[in-house]
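Across the two complexes that follow, subunit A remains constant while its partner is subunit B and subsequently subunit C.
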Partner chain A sequence: LPLSLLNAAQNKPMLVELKNGETFNGHLVNCDNFMNITLREVYQTNAEGDRFWKVKECYIRGSTIKYLRVPDTLLDAVKEEQTRAREAGKSARGSHISGRGGARGGPIRGGARGRGRGM
Partner chain B sequence: MDKPKREAILDLSKYVNERIRVKFTGGREVTGVLKGFDQLLNLVLDEVKEAVQEPEPHVRTLGLVVLRGPTITLLSPVDGLEEIANPFMAQE
Partner chain C sequence: MLVVLRDGRKLHGVLRSYDQFANLVLEDTVERIYSGNAFAEKWCGLFLIRGENVVLLGEVDLDQEDDIPLRQVDYHLLDPYHRQEIATKKVNDEAKAKILYEQKGFCKEGGEGDGY
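Right after this comes the complex of A and B.
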């Protein structure tokens, strides 16, 4: 769930806090399986909250992220997308499996047992 | 499975010969001109300056430096970096 949520959140604004306390408000450009992210139009704040920078673009290592905050509107939109995607995936897989399972049941069982004993 | 080759999500070739700011685990911060990089995010920077915080904020120059990827926490171009007043409500 977490990484797919992040992937679905591309181009959306979010807040990232790092382990060192710095915060980054920006739009997600890209992310990978390590949770490394690239942000655009970023407002950076230091840990004390007394200095601010505007950064066009930045890359953040996943291992330094403490947490990400995502707007609720995004959360609802992504939840819908995910349930739709899952249902579509399930129905597609369900039909395939039922078709193949019946077909495979006979030949594979006989073939596997035969080969297993031979080897 | 997803992609045949793992491509870094950050395309560093567009930063070559530009000044970038890099932060490390341990809290050090450095700016330098990107000369080279690899998939692991090891970087070669030239004309490097370190922004030292202890005990007094000052800058020390380091010249040509190799930065190890695993220790890098943040990367951003210096171009477009500006200090601003509080854009939000006051936060602690």
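Right after this comes the complex of A and C.
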């Protein structure tokens, strides 16, 4: 998923282009569900590409972002991390579920049916 | 997939994932520009596009891709022509918008004019 890709890209270099055309090249420090991000060691360029700033840290509001360009190697790295995390999660949950699966099944099914009729 | 952005860019890439906001992850993305009877491509790699900047996206028929009637040229050769066309279009659109506003009572775009 897009936002999980972004979360997994922490500490990786990337290029962010804003809606006004300005570009920010830097390493991702953090991000949230609104796509607000903080970058470190940033090279900022204006839309025309004729002015440059070096900025140690900056915060970019998600709503101003047009897109983010990310190193291609990131996709493979992230996929690996995700499959590893999924398998770790599954094996941890698998041992717990066996007893409770039946109890969970009942209420969930009833709820889904109820909502369906309402719509 | 072909994705058209609000700034007019046309990106070709493989759609990897999306979410409820239509944010997209596009892999092996190529930006394509057109001018006259020629087109040019620039390789851009992996993109995470914020959904609100997308105008449309559509599936590309790879078979038809082999029969494009245009000739392919270098990106840096075609770029100046492409930029010229964009500038002309911008002037025309602004003139149009001005006339519509002044003579017909249409409202102006909120300053965030789209490039497509």
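List of remarks:
Keep in mind that, in the parts below, the second predicted complex is superposed on the first by the 98 of 119 C-alpha atoms of A that agree within 3 Å, B and C clash if a C-alpha of one lies under 4 Å from a C-alpha of the other, contacts with A are read in each partner's own complex, and residues count from 1 in each chain.
Throughout what follows, contacts are C-beta pairs under 8 Å (C-beta built on N, C-alpha and C of every residue); 3 or more make two chains touch, one makes a residue touch a chain.
Since the model is a prediction, treat every value here as computed from it, not as a measurement.
Superposition note: with subunit A as the common reference, subunit B and subunit C can be accommodated side by side. Touch criterion met: A:N36 reaches subunit B, while subunit C stays clear of it. By the touch criterion defined above, A:F52 reaches subunit B but does not reach subunit C. Look at A:L6: by the touch rule set out above, it reaches subunit C but stays clear of subunit B. Looking at the superposition, the partner that touches the larger set of subunit A residues, subunit B or subunit C, turns out to be B. Once the two complexes are laid over each other on the shared chain, residue contacts for A:I60 go to subunit B alone; subunit C is not touched. Closest approach of subunit B to subunit C, taken over C-alpha atoms in the A-based superposition, is 8 Å. Residues common to the contacts of subunit A with subunit B and with subunit C across the two structures: none. Within the complex formed with subunit A, the residues of subunit B that make contact are 8-10, 25, 27, 72-77, 79-88, 90-92. Within the complex formed with subunit A, the subunit C residues making contact are 5, 7, 16-19, 23-25, 27-28, 44-50, 53, 112. Subunit A meets subunit B in the complex at residues 18, 20, 29-32, 36-38, 42-43, 45, 49, 51-61, 63-64. For subunit A in complex with subunit C, the residues that touch the partner chain are 1-3, 5-6, 19, 21, 35, 62, 65-72, 74-75.
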